[in-house]
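First the structure, in the form of C-alpha cells, and then the observations on it.
Chain naming follows the written order as A, B, C and D, and within any one chain the residues start at number 1.
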C-alpha cells in the first residue's frame, strides 16, 4: 500500500534507509519444510555488494544478513522469515555538501515535497541499497523454485549491444567477468568502456536480459495480474529502470501476425517463441525472456548547478563512491525479483487450479 | 489475487467473458460527491467499441453500459459503482471451427492447461472485450481527476513511426482520423497501410504513446509501488502489449548521466524531462509520457496449421470479424488504465502525506 | 479497502443500495470445474427473502439472481462470477417521512457525516438488503465445500433461550418452523413472542448459533488471521450483530485451566471441545461452534422524537414493512458468511502447507 | 495472507518465534512528521513484559526494542519502521519434556498437522510472545492518534466480575494495582484469587474491557469492514481470546428496540449509548466500549495425560514459568490492537471522504 510490500502470498516487506541502523525485511508466505542453503543466500548478496570489482562503486560494505525467524533445524517453518543487514560503512559526511540541495534526477526533491523532510544521507529510502533485501528474499525464492532456471546477464552498456540470441550464449560465462556479459569479447569492450566513463566522472546506462527456463505451464493470472505484467512491475520497481519488454517486445510491433504467431508442435510447445513463454498472461512452458532498460546513474563526479530547498541556485560537484554503470550489480537484483514473482505465482496457481 | 482486480483504494474488479451474458465490473473506493457525466462515460466506450471505422473489426456491438449502484441524484455516493454491458452480438458459431483446437499465440492452450476446460467462444475471459469494463471505470477516474489531462495517441503502426516529439503535436487532432494519430499526414499513411494489411487477411502491431499533463507533485509510492511501475503493470495488463517504456526509455540506455540528468529550474521544474515526470517513483510535476508496444493481433484470416486438445495436427483458417491492427481502439484503453492508476495513487497519497 | 470486499482468495465484492436498480456482486477466486446447482443457490436466497412467513417483514421481493459470467456448461470456469438481483419492490415513498431526519440507531447520521449526503431510501448501502449478495456467494461456497456441514439456527429470542447443547438438537428440524429453532417447543414460544412484539410495533434481539462439522484439520492462519478471528469479523459485519463467541466463549472465562483444557484421544480428537474446534487459530478437526448476538431491529412502528440534518427536533413515527426480529432471516446469512470464510481458508491453506 | 500482517494502510507485519533469535516487525504506512516518544513505546512494552509482578509469569525478559529505520531526527519519515526485540531468556530445556508430545489446548497439534514439524520450544510462532511486537506498533499508533483516549482494564477474573458501568470508574487507578482493575476493592479480591490459583498450579480466565474516548465521527467502512468487525477481529487475534462484544453486546439481545435505540440530542450525540459509539460500522462520536473474553491459560503446573506425535499416550506435568491468569498482561495488548485499528481507519477515512 505504502509501497514497501511485494507479492501476494510469497510476500516480501522491506524496511530501511541507506544510512540508518539497518535494512532488512520480512518474507512471509514461504511454505514450510524447504531446506535452506544460507550460504547460497549470502552468495547472492555478494554478487550485488559494492566493491566487488573495479567497475562498480568502491564502497566497502560486507552486507552480511542475519536471520531472526522462520527457520528451524535448517528448514523453513511456514512462519515469516525476518532478517536484517547492518549498515556499517555509512559515510554520511560524504553527503553533507548536498544537505540542503536537491540532486538532479534523484528522488530528493519529490521526497521532500511528499513527506516534508530531507533525509540527505545518500538517498535514504530511495537508495538502491534497499535492493539488498530483495536479493535475500529472491535467493530464498530461488531455492523454493527448484527446477526453474533463472539467468540474467548484461546485454547492453551504452551503445555496446550484444546482438546474439540468448540461445547462442553460454550462461556459465556470465560470472566470468565483472560486467556479467556471457560473451567474453563483448564483455571486454563493455568493461573498457565503463572504465573510461568512470575516468570522466560520468555514468552510462545499460540493459539486463533475463531468461527463465523450465517454467511449468499455467503460471500467471488473467486480466490485471498477467505474469508479464507483474514481471514488468517488478523490474520497473528496481532503481533506475526505464523500460521493460518481453518476447518480441518493441521489435514485435513491426511484424505481421502471420510472422509473429508461434505455431504449435504436437506436444504443445511452439516452433518459434515470439510470445516469450507467456500467452494471455499465463506461462506456456517455453522459455520466458525479457529486457530491462537502466538509465545512466544520476550521480556524476562532475560540477553541476542545482537548487536548494528554498529554490536558490547552488553550484556543487558530485563526490563519494558511486557506480559508473549500474547493470553489472543489477543482474542479481533482476534475478531476485524474477524469482519472487515466480514463487508468488506458483503459490497463487495452487489456489485456483482445478486439479488440486 | 485471481487477477480480476486493479488498484488499491480506487479499485476496479471486472467480470465477464466475451460470449457470456454480460461483462461488467465494480468500481469501489471512488470518493463521494463527484458529479458524474454519464454521457462522457458512454463516449469513451464508443471510442473503444467495434465497428466504428473501416480499419477496425466490423462486429456491431452497441456496448451500452448500465449502472446498478453508487450514484444518487447524479453524484457518486462513496459506495461501490456496479455496472454491466450486455453481450448482444455474440456469434458463437463463428468460433465452432476452433472448438477443439488451440489458436496459435492465443490463450486457448494455457487456459485449458490451467483451468481444465476450453471456452472456445472467442477467447472467453482472455478476450480484449474485457477492456470495455476498464474504459467505463477509467472514464469515471478521469472525472475524478479533474485538472489532469491524459492524451494517448498512435505513434507507430508496423514500421511507420511518428518521429516527432509530443510537444510538436496537436492533441486536438487525435480524434480527427480513425487511426488516432495526431499527425494528419502520418495518419493517412497508417490508415492506408492498415487497409492493405486487412486485405491480406493479416495483422500488424503498433505503439501507443500517452502524455499526462498537470499531474501534481508527489503521486507515487516508494520502492515496489513506484508510479511508473504501476503504470507499466497497467499497460502490460492490456491484451497484446509486449513492452513499456517511460521518459527516455530504452533510448536513455545509450546516454551518459551528464546528458540524461534533468537540471532544475528555480521553481522545481526541470529544464529537460528525460525522467518522464517521475523521479524515484514519485511524480515531480513535469509531464509524464510513456510508450506502449502492441504485438500484431493473433487472429489472421489465413489458413494455418495448429493442434487440437489431443495434440493432433489440424488444418484451419481464421474467420470472423477481427481487428487488423489493435492500436486505434487501444488508445482509450491506455487512457483508461492511466486514469485508474492516477486516481488510485491520488487516494494513496492522501493517506501518508504529512500535511493532512 | 472501502469495505465492500470479503476474503483473500475466494473473494466476494458486493455492490448495491436497497433502493437502487440492483444489488449484486462479483465472486472471484472460485476454482474451476465445480458443478454448480443454481437451484440450490436460489433456495438459499429464498430462505433469506422478505415475506416468507408471518414473523418477518411483509415486503414482497422475489430476489431472483441473474448470473453474468464465470459459469460455462454448468461448471465454474475459474473466472469471476458476476451476478445481480434486481430491486423490484422499492417503495421509496415509505421513506419520504424520514427524508430529512436521522433515524435513531441507524446509520443515517454517520453516513451523512462521512459521505456528505443523505440517501434516505431505506438505508441505502447500509441496508441489510446487501446481505442477499452474500447469500448468493455463500451458497456457491457451500457447494465448493462439499463434505463440510454448516448448520445455523436460532438459539435465543429476547429472553427465551434454548438451553440445550447442540448435540441434543435435531438439525433437520431447523427449517420446520418459521423461527428456525430446531427445538419445536421453544420454537413455538419464540414464534408467539415475536408475534406479540410485532403487535406492539416493537422489536427484539436474538442469538444465532452455528455448528460446522467435518472441517479438516489445518484450516486457519496464525497470528492475525486466526480462523475464529476471521469468523468473528464475518459475523460482526452482518447488520445488527453486537457480539461473537466461539467454543466456551464468555462462559469459559469462569473456568479453570484444568477444567477447560481439552484432553486428547489417541487419534488426535479431543474428549471435550471447549476449544470450539480451533486451537491457536487453526481447525483441529472437532466441531466448530459459535454464537452471534443480534440487537433488536432499530426500526420500530411507534412514535419517537429525533433530529433532522440541521439539528432540529422532529416528531415522527416508524412505518413501512419491517422485521420484528431479525434472527430467523439471519440464519442463512450466518451460514453464508461461514461458508465464505471456510472456502477462503481452504484456498489459503493450499498455498502454504508443506504437503503440496 | 499468511496471517502475519494486520491493517490496510497503517499496517503491521510481525515475525519471530518465542525461542528464535528475535521477534519484531515492520510498521508500514505511518505518516511522516510525527514526533515519536520512544520512551513511551518502551513503557508500553514494560506493561506487557513478564516478571513485572507476583501474579504474572516470573520469566525475566528485558524486552528492549531496537528500531532499524523509519525515524529520522526524532520524527517518522513515512517509510517503514523496522524493529526487533531480542529473545534473551530462552530456556528451551524447559520444554524438552514436551518435545514429542502435544500439549492439550495449545497449538502444538494443529501446527504439526499443518506445517509438518514440531517446534517444541514454547509454542514457537503461536506463543503470546509475538504480541510484544504488536505493543510496539500500537504504542506508535497511540502517538499518531493524539487526542483519542484508549483505556483498557480488567473487569472480570474467573467469577469475580466488576459490576459497575465504566463511567463510575477512575481510569487513573488502572495502573495502581498489578491486576489492572480500576476498582481497588475488586482489584484486591482478584489479586488474592489469582495467587490462590497459582498455588494450585492452575489458571483462570478473565475479561478485559476497553473504552475509547474522543473518537471523531466517521471512522469505519461500510459492509464488510465495519469498525466493530475489525475491532472484533483484532481482539480475537490475541492469544486465548474466546469472545468479543461491543455496546450492549450479548445483553442487548434481551432488550426491545424501543429500549435499545439511542435517541439523539440536537448536537448529534445520543442520550444513551447502547450502540457503543458505532452505528452501521461507523463511529458516531460517542464512547466506543467493548469486552474481550480470555480463556484460562492452557499451561497448568499439574500432572496430565496427553499424546505424542505417534498417537501414544504420555503422562507428563506442566513446568516452567507461566501466567496463572493472562488478563493483567493482556491490557496493553488490547490497547495496542485498538490503537492499530483506529490508526488504520483514520487513514482509510482520509481516502474516501468527500471533504478532502
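By definition in this document, contacts are C-beta pairs under 8 Å (C-beta built on N, C-alpha and C of every residue); 3 or more make two chains touch, one makes a residue touch a chain.
Everything numeric in this text was worked out from a predicted model, so none of it was measured.
Compared with chain B, the chain whose C-alpha mean position is the greatest distance off is D.
When the contact pairs of A-D are set against those of B-C, A-C or A-B, over half line up by residue number only for B-C. Of the two chain pairs examined here, C-D and B-D, it is C-D that is joined by more C-beta pairs in contact. Separating the centre of chain B from that of chain C, both taken as means of CA atoms, is a distance of 39 Å. Between chain C and chain D, the centres computed from C-alpha atoms are 26 Å apart. Averaged C-alpha coordinates put the centre of chain B at 46 Å from the centre of chain D. For chain C, the set of residues touching two or more other chains reads 1-2, 4-5, 8-9, 14, 29, 32-33, 78-79, 114-116, 125, 222, 348, 351-354.
Against chain B, the residues of chain C that register as touching in their complex are 1-2, 4-5, 8-9, 11, 13-17, 20-26, 28-29, 32-33, 66-70, 72-73, 75, 77-82, 84, 114-117, 119, 124-125. Here chain A touches chain C in the complex through residues 9, 29, 31-33, 78-79, 222, 347-348, 350-354, 356, going by the rule given at the top. Across the complex, chain A meets chain B through its residues 1-6, 8, 14, 102, 104-107, 109-111, 113-116, 125-126, 130, 156, 158-159, 197, 200, 202-207, 217-218, 220-226, 228-230, 232-234, 236-237, 239, 242-250, 252-268, 270, 274-276, 279-284, 291, 293-300, 302, 304-307, 311-313, 348-349, 351-355.
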